[in-house]
Every structure is written in structure tokens, then in C-alpha cells.
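The two complexes that follow have chain A in common; it is paired with chain B in the first and with chain C in the second.
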Partner chain A sequence: MENQKFFYDNKIVRLFILATLVWGIVGVIVGLLIALQLAFPVFNFGLEYTTFGRMRPLHTNAIIFAFVGNAIFAGVYYSLQKLLKTRMYSDTLSKINFWGWQLIIVLAALSFVFGITTSKEYAELEWPIDILITLIWVTFGWNMIGTIMVRRVQHIYAAIWWYLATFLGVAILHVVNSFEIPVSLFKSYTIYAGAQDAVVQWWYGHNAVAFFLTTPFLGLMYYYLPKAANRPIYSYKLSIIHFWSLIFLYMWAGPHHLLYQALPEWAQALGVTFSIMLIAPSWGGMINGLMTLRGAWDKVRDSAALKFLVVAVTAYGMSTFEGPMMSLKSVNQITHFTDWTIGHVHIAAMGWNGGIVFGMLYWLVPKMFKTKLFSEKLANIHFWISTLAILLYAIPLYWSAITQWLMWREYTPEGFLAYPNFMETLTQILPMYSIRIIGGALFVVGFIIMMYNLFKTMAAGSFVNDEASEAPALVKLGSRNPAQETIHRWMERKGVRFAIWTFIALAIGGAVEIIPMIFIKSNIPTIESVKPYTPLELAGRDLYVEEGCYNCHSQMVRPFRWETDRYGEYSKIGEFVYDFPFQWGSRRTGPDLARAGVVGGPMYKNAAWHYNHFMDPQKMNEASIMPRYDWFAKKEIDIDIIPAKIRAMQKLGVPYEEGYDEKAVDDLMAQAQLVANDLKASGIEIEPTKQMVAMIAYMHKLGRDISTPAESTAQQANESSQTSQEELKEVVLLTGDADLAAGKEIFNSVCAVCHKLDGSGIPPAFPSLADGEWINGNSPEQVYKSIAEGNIAKGMVAYKSQYSEKQITQLTSYILLSLNKK
Partner chain B sequence: MNIFYLLIGVSLFAALIFLGAFIWAVKSGQFDDSKTPSIRMLFDDETETQENEETDDKKETN
Partner chain C sequence: MKIISNLLENIEGIQIYYVVGLLIFVGLFIVIVIRTYKMTNKEANDIKNSILNDSETEEISPQN
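Up next is the complex of A and B:
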């Protein structure tokens, strides 16, 4: 048979490798920055562009789509050509793929810095970039499928199956999750509301893990691990079986991100079930990878590339065991909203994705540049630093997760939360955040060592843009092959029946989910009292999204006593019907805000508190790690866009009256004036058109609609407290040192936020407790009552639900005996 | 939770494409031989790193 001459396109592979290195170092450095921000808020730099809320999506997207994305393209473009013995289908498509992807990355980085985001995790980019991603992704798929069509090898090696699944999976997920209605070039609303949005987003989010961080990497493993070890994959059959089962099972596991949340129970159970089943195909991959090295472990000793690949496969096995365990509801209540998830994803990202990329590069770069690796020793150093980094990163976070969860749910013998102040549970884990920084810093150091090593290797080697090769043309296999013939006959006899059985198998799964839907009218019980956002609240909500508040604050109270005691009534599906997008969050670095607007509830803070807190959280509480948002007081609400936003909301089915877009701005101004007046009563002058006003309005909307009865009783209680004086409980001050110390501890952790450590307060909003002047008198009974019952009108929280009578007496004693003396 | 109609539909659509790919793969003999592909992929770039003349016979054995 005549050999055909052709050239491999090495140049495009080199471009993708360089992009991997450049964006990789950016991604890990931004990661280090946000790790620093969580331990030391000064690293937010007081700038709106560099707050944690904007940097965290920059980090996740830089790692996932820029670093890992370019590495996938590099690995695929190289191995696809070699495996199929052909050049890529089209050089033009290759170039569009490369430069288009880099353009997306630059646009993404800019939009995060400027607060342009949809807030859907790992799908934060706005609609113009979403369209660009779709186009470039289709270019990639077209180029890949074209290459498969012009291949010179009949057999499509297992790795390429994974690449194909990657293309198809990501395409479907991205398109479905990105349906949105544009309001302007930089702002859109997702078409899914509340709980529905949550389901779609985590169907996407979980499958982004599946089809962007798992399937392409299993493909890379199936090529680069055998290559680096020079051993065939342990079992080719196993690769086929675990491929088909993995891609099918992953699609159904998304709801495990929403356990105990506002989602029908059956949907949660379904997500859990499929997540558990995923252990089998996932471990198929791990076993296949590790067993490939059987009889060749001595090679691992001598090759840094293999070391990385082995740790990668091990990390994959650990993560894919841990993931299903975290999907069990009882385990999930620990791991969700705590740092456990952060630890879990970093084992996967640093260990599995990082390990495969590093292993691939250490093998591929010397190969392409026809030289030896500049320094095997440096590569080994990178390996050990990197492995140590993963441990120093993940272990403190697991520790932190368990610590914080135990503190959240700890009760005193009297039946009160042992740590009612969220800040206590945060300061406890800050040392863990410091250790995590060391882990992150080591990972960055390792990355830099690798870059040096690879650039030195590139400089020493010789690179051929178009590598010559030759192979016989592909001959279509006809009936000449007897083995082929039997398969054909088998398919002819059984094919139809086989297809029917498969369809039934799939349909059962579908029917289980669909049939209840048909017979149960709606799985979303609507709540009559839940009203659409006013224009001002909507503006505030969009700011909340823009600033990425969801990165630290959840809006989802789970039905546990230790959550309802801390935050208030648990969250219900019907509350979220006007939420585009949902803001449930996935990590509670700060307290949950779902009930921040429930007057008289444990989370309620008045306007003056919010103003002071946004201006400088550390002034309110020294231990706070929240960045300051003082530009809220300077920047104007974008009022011109309000009518367009209202019209978009109407399109999405929000029941604003006909023509409301015309009146919306007037309504906004009227409500803003009320908030400004409220602030003025506390001595804070602010123009009603500032962003601060919208944020406060939004904070006070959260949870308010379902708490109307509580509000009215609170007002009654408030009125009665001003009139009746006779029902005061007798209070005997405690003078013992232990009691005063206990009172001081509570004061410093809770009261000092507004009244300051020395009791001087922030007058006039938060009165001084040390100047000898008392609004309600200084009798022990009166002070006790102010603490226990609060003063809702002034924003003073009622603490009787959080502290025992003894604790409040201790607090009263500390205030009157120690603080007031000074 | 009407959204599940969409997600189930889309997921089944993806599953059907995968099913189609699977049927095509079986039909076109992709899985007839589950031994040599894993070994053949190790050889292909030895042909690239050496001179083309030396590699011709190797290819024929594949």
C-alpha cells in the first residue's frame, strides 16, 4: 500500500502549551491572593476591582477555563494527530480555536475585575462572551470531528472517545445554562427563576466538573500515561466500559449540590443515588491508570512526569470517592457551606488536573523539542513541593470545616446556641486559613520552578513547526474482514432489539422523574405574600450579584434547628420565584443573609448598621474579614437602565403591572428617599441615588415577605415596651470576677460591633454606654430589658433567644459595673 | 419544578447521541479488537522520531 506523506501541526500545540503556562501562573497567583484576602482583609486593597467577591471568580475561571482549558487543547491537538496519523483537519480552525479562546480569557478577566457577572458559578460570563464561547467551542469540535473523518487509522483510540464526550457534554451544558435575556451589553437575566435556576446551574456546575475537568483528563490519561510509562493501558476493555457508564451517570448527579435546600425531596434523592453509582466508573479509570504501571513502578522512581501522573490518578480516585460520600445527606450537612468543599475541589484541581497537566508537559515538551528535560532534579523538586502544597492546602480546610460545623451546631445546656455570634466560628478557623496560604504559596513556587525548567528545555531543543510523517491511507473495512462480518451480522440480528432495550432502560430513568411531574400539579408551592422586588430592591440585588456577595454569603437556611435558631425560618421553594438568578451560594464564609430583612429576627440590622458596616467592616468588628465597600456611598445607582430591567422581568413572568417600566424610576426615587431619611435620623447624610441606599433596601427585603406576622407582633411588642414600665424583671447584679469576665466576653464579641469595646458606641445611631447618659435609665432591670427585648425601631436585636438569663445578667453587670465606671 | 422537563429532555438527548455513537462504534468494529489498540498507540511516535525509511516495516506489522 502506498504511504501518504503529511505533516503534524506542532506549532499549534506549542502555542497552547505556552498559553497553559502563562494563564496557569496567573490563575495560581490570583488563587494565592484570595487565600491571603480570607486571612488578612487588607489584601482586598480597598479597591472595588480587587475585592474577594470579584477575584474569586477570576481565580476559578482562570484555573478551569484558561489553565486547564488550554492544557486540554494542547494535549488533544497533539495526541489526536498522532493517534489518527493525520494533520489537524484545518489550520484555520486551529488558529480560530487558539486565538478565540485567548480572547475569551482576556474578556473574562476584564469583566470580573469590573464586576460584570451573572453570578452562576463557573458560568459567570455575560451573554456576549457566552455566545463567543459557543462559537469557539463549535470550532474546536468541528476541527476535531473533521480530523477524525480524515484519519488514517481505522480504530479510534479510547482517549479520543473521551475528547468527543467532552465536546458534546460541554456544548449542551453551556447552551442550556446560558439562556438569558439581555438588558444591556453588560447585563442579562437568566430565564430560570430561583429553585429552577439552582437546578439548572448545578446540573451545569456538576457536569462542568464532569465534562471539563474529568472526561478530557481521562482522555489525556489514556494517552500520556501509557506513553510516559511506555506500557499499554492495563485493560482496554475496562476503558470502554467505564467510558460509557461514566458519561451516562454524570448527567443526573447535579442535585447533590442542593441537599437539604429548597428542592423537592425526590430530586435530592435522585442526585444522591446517581452520585453513589458514580464511584464505579470513576474507580474504573483510577484502577486502569494505576494498574498500567504494574511491573513498571521502577520507572516512576526515575521520572518526574510519571510521578505527577501517578499522584494525579491517585488524587482522582480519592476525589471520586470523597465526592459520592459528600453526596450522602448526613455527610453533606457538614461539608456543604463549610471549607470541606474547598478542600475537596483543590485535591481534584491541584492533584488530578494539575498532576495530569504537569506530567503531560514534562513528557511532551522534551519530546516536541527533541531534547532531554533541562533538569530532572528540578522537576522532582517541583513534584515534592507540589505534593506537600496539596496537603498543606487541603488538611487545614478539612479541619476548619469540621471545627466550624461543630461550633455552628453546639448548644449550651440551657438550650441556647453556644456560639450565637457567627464571628466566633470564623475567628476560630482563621489560623487554618494562614496554613492554607503556605500551601498555596508552595504550589506557586512549584509552578514557577516548572516554568523555568520547561523554558530552559525549550531553549536547548530544536522545534519543528510541521513535523513530517507518513502513513498509508485509510481503507474502508468492508466484508473482507471475517471478524467484521460477524459483528455486522450480529448487529443486523440484534441491533434493533438492542436499541429498543437501551431506549427502555433510558426511558425508565426519565419516566421516574417525569411522571410525578405530570400528576403533581406543581412542585413549587407558591407563597402569596412573596412580592416582586421593588425597582430599588432590584437595583440593590443586581449590585449584590455584581459584587459577588454570593461568594461568601449564602441565602439558604436549611431545616436544622441550629440553622433556624441562628438565622430564622428555613427557606422554602416558593420564596425564590422572582430571583433571577438565584443567590443561594455554596460557602458561608460570612453568615447567611436569607433572613437579613426579617425585622426582629436574629439577623436583622438597621440601616445605620449596614451603612457603617459597608463603609468599614473592621471598624464594626476588628475580626471581620469582609472587604470594605465604601464606594457604595459614592457611586450612583444606574437609574437609566431600570425601565429596561423591569421590561426584562415582565418578559420573564414577574407580575409587574402593565406599563410599570414608566413608573419604576419614580417608585425607586420615593423608596430611596425613605431609606435616606432613615439614615438621616441616625445622623448619616447620603443622597438617595447612591448605591448604598439600594443595597440597604435589598438587605431589608431579604426574607421580609414571609415574616409579615412576626413583624407586626414585633411592632406591638415595641409599642408596649415604650408604654409599660411595671413588668420589669428583678435583676440582681453579679459582682464576681468570673461573672464580669463572662459578661465582658459576650460584650466584646457581640455588643462591641456597634457599641465599641470601650462602650463609646457610634453616636447617634449606636449610643454610648459609657458616658453616663441613659436613654431608658440605668437601673439593672431597665438595662437587662433593653438587652433581652431589644429595640427594634433602633435596630437593637432582642438577645433573649440567643443568651440565657444568667448570661444576660452577666452582661448587664459588666456594662453597669465595669464599663460605665470608666 | 417544570425545569426538570427541560433537563431530562436535554440529558436524554445527550444520552441518545451517546447511544448513537455507541451503536455506530460497535457497528463499525471499533470494539472488535480490545488488545492491539492499546499497544499500537505506543508505537506511533517511534516512527516519528526516527527516519522514515526505518519505520516502514514497523508500520506494516501494526
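Up next is the complex of A and C:
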């Protein structure tokens, strides 16, 4: 057979490699920045553009889509050509893929900085960019499938199946999760409401991990590991079986992100079962990878590239064992909302994804530049630094997760929460955040060493854009010959047919999980008292989304006593029917806010408190790590867009009366005036059109609809206080040092938020306890009552539900004997 | 946990999705395993060695 001459396109691979390095370093540096922000809030720089809520999506997206994304393209564009012995199908498509992807990254970075976001994790981009992503992704798939069709080898090697699954999986996920109704160029509402949105989003979120961080990387492993070790993969049959099981099972496992949350039981059970089953195919991949190296461990000792690959496969095995364990409900209650998940993803991202990318680059760059690696020694240094970095990153976070979880659920012998103030549980883990910074910094250093090493290698080598090669043309085969070909081989022969089968496997899982949720109405029991957001609350909610508050705050009280005691009534699925998008959150860096509007509940804070808190959280709570949002007091609510928002909501089925879009602005102004008046009563002057007002209105909406009406609670409180007027229980002040110290401890951690450490308060909203003026009197009995019964309407919590009588007496003694000594 | 029980665990016939899904998976899995093991070892070896057989790889150790 005659050989055909052709040229490999090396140039496109080099471009993707450079993009990988450039975006990679950006991604890890932003990661380091947000790690710093969590330990030291000054690193929010007091600017809206650089607050944690906006930087965190920038970090996750930069790593996933910019660093890992470009690395995938580099790895695929190189190996696909070699495996199929042909040039990429179309140079134009390759170029569109490259430049289009970089454009998306730049637009994404800008939109995060400016707070343009849908708040759906790893899918935060707004609709114009979503469309662009779809187009570029299709370009990639088209180019890949085209290349498969013009190939010069008969079979399609295992790596390519994974690439195909990646293309299809991401396409399905992205399209389904991105259905949204545009309100303006920069704002849209997802078409899914509340719990549905949560299911779709975490089906996406989970499978983004599968089809962006797992399948392409298994593909890369199947090519680069044998190449770097110069040994064939251990078992080809295993690769077939684990391929089909893995892509089939992954699609089902999404609900494991929503255990104990307002989600139907059957969906939770489905998620758990399939997550556990996933261990098998995942470990199939790990075993195949590690066994490839059996008898070749001497090579691993000598090659940094192989070392990275080995660590990658090991990390993959660890994470894919840990993940299913985290889907067990009893484990999940520890790992969800704590730092465990953050530790888990970093073992996977730094170990598995990072390891494959670094290993691939150390092998590929010298190869393409026809030279040796500039310094094997530096590469080994990089290896050890980054391994140490992973440990220093992950171990403190696991530690922190367990510590915080234990503190959240600890009770005193009297049956009260041992740490009712959320801040205590956070302060405890802050040292861990400092250690994490060291881990992150080491990882950055390793990355820089690698860049230096690779650039030196590139400079020393010689690069050909179009590398000549030759191979015989592919002979067309007829229909399947059952005697000689297995079905799988026959399917493989036709790239398109193979892709269709893969699509079917993926679609079944997706459909089973999502369709019943969307179409069965009874899945969402309605709660009568839940009302749509008023225009002002909606504006506040959109601000909450824009600022990325969901990156730190959950809005989901799980049905545990230790959560309902701390936050209030657990969350019900029917509460969220008007939520576009849902805001359940995934990490509780700050306290849950689902019950922030329940007057008389443990989470309620009055308007003046919120104002002061947003202006400067550290003033209210010295150790707080929440960024300040003082521009809320300066920036205006975007009122012009309100009618369009109302109309979009109506399209989504929110029952605003017909023509409400025209009245909405008036309603907004009226409600805003009320909030402004409320603030004024506490001595705070603010125009009603400021963002602060909308945000406070939103905070006070949270959970309000399902709580008993405020008036009646307040009335009850008043009535009970009237009846008990005469018969105040006698209170004997405790003078012992131990009692005063205990009182002081509670005061500093809980009361100082409003009354300040020295008791001077923030008058007039929060009265001084240290001066001679008293609202309710200063006899021990009266002060005891002020603390026990509170004044819900004014924002003083009734602490009798949180502290024992003894503790309240200790507080009373501390206030009267230490703070208020004349 | 009783508290979540008001959350629709008794939607009629919802379990069917679950069962059908599992059945499809188990069925397909068995088919794929059988088919795969019918593949000859030689064929599998040829494929996996083939990627090492491009002009650039110096020495090849085509075992297993």
C-alpha cells in the first residue's frame, strides 16, 4: 500500500500549551488571593471588584475552564493527530477553537470582576457568553469528529472515546443547565425554579467534574502514560468496560450534592446509590493506570513526568473513593457546608488534574521542541514542592471541617448549643486557613519553577509548525464481519456511530434524574403563605447574586436539631418556588441566612444592625472575615430594569398580577421609604434608592413567609411581659471570678456584636450598657429580663431560648458588676 | 428521619424511574462485559501496542 504524506499541526498544540501556562499561573495566584482573604479580610482591598464573593468564581473558573480547559485542548490536539495519523480536520476550526476559547476566558474574567453572574457554580457566566461557549464547543467537536472521519488508522484508540464522551457530555450539560430568560445583556433568570434549579445545577456541577475534569483526563492518561513510560496500557479490555460504566453511571450521581436538603427522598437515594457504584469504574481506571507501570518503577524514579502521572493516578483513586463516601448521608452531614469539600476538590484538582497536566507538559514540550528537558532536577523540585503543597493544603482543611462540625453540633449539659455564636466556630478554624495559605503559596512557587523550566526548554529547542509524516491511507471496510469483529470494535470503526452510542448512554442518566423533577408537579408541594418577592426584595436578591454572597452563605437549614436550634425552622422544598436562581450555597463560611428575616428567630437582625454590619463587619465582630460592602450606601438600585425583571418573572410563572410591571417601581419606592424611615429612627440617614435599602429588605424577606406573623409574636411577647410585670423572679448577682469570667466570655462572643466589648453599644440603635441610662431599668431582675425576654421588634434577641438561667444570671452579673461599675 | 416525610417520598410510581434506570444499566453492563471478553487477546494487544508504534518512539517493549 502506498504511503500518503501529510503534516501534523504542531502550532495549534503549542498555542494551547502557552495558554495553559499563562492562565494556569493566573488561576493559582487568584486562588492564593482568596485563601488570603479568608484568613485576612484586608485582602478584599475594600473594593467591590476584588471581594471574595467575586474572586472565588474567578478562581474556580480560571482553573477549570482556562487552565484545565486549555490543557485538555493541547493534549487532545496533539494526541488525536498522532493516534489517527492525520492532521486536524480543519485548520480554520482549530484556530476558531483556540481564539474563541481565549475570548471566552477574557470575557469571563471581566464579567466576574464586574459582578455579572448567574451564581450557578461553575456555570456563572451570563447568557451571551453561554451562547459563545456553545458555538466554540461545537467547533471543537466538529473538528474532532471530522478528524476521526479522515483518519488513517482503522481502530479508534481508547483515549479518543474519552475525548468524544467529553465533547458530548459537556455539550449536554452546558445546554440543559443554561436555559435562561434574558432580562438585559448582562442579566438573565434561569428557567428553573428553586429546588428544580438546584437539581439541574448540581446535576451539571457534578457532571462538569465528570466530563471536564475526569473523562478528558482519563483520555490523556490513556495516551500520555503509555507514551511517557514507553509501555502499552495494562488492559485494553478493562478500558472498554470501565469506559462504558463510568460515563453511564456518572450522569446519575448529581443529587449527592443536595443530601438532607429540600429534595425528594427518591432523588437523594438515586444519587447515593449511583455514587457508590461509581467507585468500581473509577478504580478500574486507576488500576489500569498504575498497572501499566508494573515492573517499570525504575523509570518512575528517573522521570519527573512519570512521577507526576503516578501521583495523579493515585490522587484520582483517592478522590474517587472519597467522593462516594461523601455521598453517604451520615458522612455527608459532616462534609457538606464545611471545608471538607474544599479539601476534596483540591486533592482532585491539584493532584489528579494538575498531575496529569504537569506530567504531560514535561513529556510533551521537550518532544515537540526536539530537545531534552532543560533541567530534570528543577522538574523534580517542582514535583516535591507541589506534593508537599497538596498535603499542606488538604490536611488543615480536613481538620477544620471536623473541628467546625463538632462545634456546630455540640450541646451543653443543659441542652443549649455550646457555641450559639457562629463566629466562635469560625475563629477556631482560622489558624487552619493560615496553614492553607502556605500550601497554596508552595503550589504557586512550583508552578513558576515549571514555567521557567519549560520556557528554557522551548528556547533551547527547535520547533516545526508543520511536522511531516506519512502513513498508508485507510482502506474502507464493508459491513461487520461477526466472525472476526466484536460489536465494540465495529462500533469503534465509525466515529459518528460511536458518538451516538455514547450520547445515548449519557442521555439516559440525565433524563432519569432530571425529567421527573421538571415535569411532575407534585414534586414541589406549594406552601400557601410563600409570596413572590416584592420589587425591592427582588432587587436586593439580585444584588446578593451579583456580590456572590452565596460563596460564603448558605440558605438551607437542614433537618438536624443542631441546625434548627441555631438558625430556625428547617427549609422546605415549597419555600423556593419563586427563587430564580436558587441560593442554597455550598459552603458555610458565614452563618446560614435562610431565616434572617424571621422576627424573633435566632438569626434576626434589625435594619440598623445590617447597615452597620455591611458598612464594616469587623466593627460589629472583630474576628469576622466577611468583606465590607460600604458601597451599598453609595450605589443606586438599578430601577430602570425593574419592569423588565417583573415581566421576565411573569413569564417564568411567578404570579404577579397582570400589568404589575408598571406599578412595580412605585411599590419599590414605597417599601424603600419604609426601610429608610426605620433606619432613620436609629439615627441613620440614607436615601431610599440606595442598594443598602434593597439588601436589607431582602435580608428581612428570608424565611419570613413561613414564620408566624411578626405582630402576633411581638404581641405575645408584650402580653407575657405585662403579666409577669409584678412577679419578676428574684435574681441574685454572682460575684465569683469564675462566674464573671463565664459571663464575660459569652458577652464578648455574642453580645459584643451589638453592645461592643466595653458595653458602650452603638447608640442610638444599640444602647450602651455601661452608662447610667437604662431603657428597662437596672435592677438585677430587670436586666435579667431584658436579656431573657429581649425586645424582638427593636432587635434584641430573647436569649432564654439559647442560654440557661445560670448563664443569663452570669451575663447580668457581668454587665452590672464589671461593665457598669460606677 | 420523620421530618422530611412531608417532602413527597410517596409520589406515586416514582420508584419506577429508579428501578428502570438500574435495570438498563445492569443489562447494558452485562452485554458489554460479555462482548468485551469475547475479544481476542491478540486484537487487544495489537491496539494497545499500536500507539507506541509511531515513528518517534525509539525502543518499544511490547509485552502483555
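By definition in this document, the second predicted complex is superposed on the first by the 764 of 822 C-alpha atoms of A that agree within 3 Å, B and C clash if a C-alpha of one lies under 4 Å from a C-alpha of the other, contacts with A are read in each partner's own complex, and residues count from 1 in each chain.
The criterion applied here is as follows: a contact is a pair of C-beta atoms (placed from the backbone, for glycine too) under 8 Å apart; a residue touches a chain by one contact, two chains touch by 3 or more.
Keep in mind it's a predicted model, so treat the numbers as computed, not measured.
A.B. asks: May I ask you to decide whether A:L83 touches chain B, chain C, both, or neither, giving the answer as first, second, both or neither?
C.D. replies: Both partners, chain B and chain C.
A.B. asks: Considering only touches as defined above, state whether A:I29 meets chain B (first), chain C (second), both or neither.
C.D. replies: A:I29 contacts neither chain B nor chain C.
A.B. asks: Does chain B (first) or chain C (second) touch A:Y157, or do both, or does neither?
C.D. replies: both
A.B. asks: Between chain B and chain C, point out the one touching more chain A residues.
C.D. replies: After superposing on chain A, more of chain A is contacted by B.
A.B. asks: Considering only touches as defined above, state whether A:V176 meets chain B (first), chain C (second), both or neither.
C.D. replies: So A:V176 only meets chain B here.
A.B. asks: Looking at A:Y570 after the superposition, I want to know if it touches chain B, chain C, both of them or none. Which is it: first, second, both, neither?
C.D. replies: second
A.B. asks: Check whether A:I334 is in contact with chain B, with chain C, with both or with neither, and answer first, second, both or neither.
C.D. replies: Once the two structures are laid over each other on A, A:I334 reaches no partner at all.
A.B. asks: In the overlay, answer first, second, both or neither for which of chain B and chain C A:P226 touches.
C.D. replies: both
A.B. asks: Where on chain A do chain B and chain C both make contact?
C.D. replies: 82-83, 85, 155, 157, 223, 226-227, 230-233, 236-237, 240, 244, 248, 252, 263-264, 367, 469, 487-488, 522-523.
A.B. asks: Spell out the part of chain C that touches chain A in their complex, as residue ranges.
C.D. replies: 1, 3-4, 6-9, 11, 14-15, 17-18, 20-22, 24-25, 28-29, 32-33, 35-39, 43-45, 47-52, 54-64
A.B. asks: For the complex, give me every residue of chain B touching chain A.
C.D. replies: By the definition above, chain B touches chain A via 1-8, 10-19, 21-23, 25-35, 37-42, 44-45, 47-49, 52, 56, 59.
A.B. asks: For chain A, which residues count as touching chain B in their complex?
C.D. replies: 3, 8, 82-83, 85, 154-158, 164-165, 168-169, 172, 176, 192, 195-196, 199-200, 203, 223, 226-227, 230-233, 236-237, 240, 244, 247-248, 251-252, 263-264, 267, 367, 370, 467-472, 477, 481, 483-484, 487-488, 491, 495, 498-499, 502-503, 506, 510, 513-514, 517, 522-524
A.B. asks: So in the complex, which bits of chain A are touching chain C?
C.D. replies: Interface residues on chain A, with respect to chain C: 82-83, 85, 153, 155, 157, 159, 223, 226-227, 230-237, 240-241, 244-245, 248-249, 252, 260, 262-266, 269-270, 273, 367, 469, 486-489, 505, 508-509, 512, 516, 520, 522-523, 525, 559, 570, 572-573.
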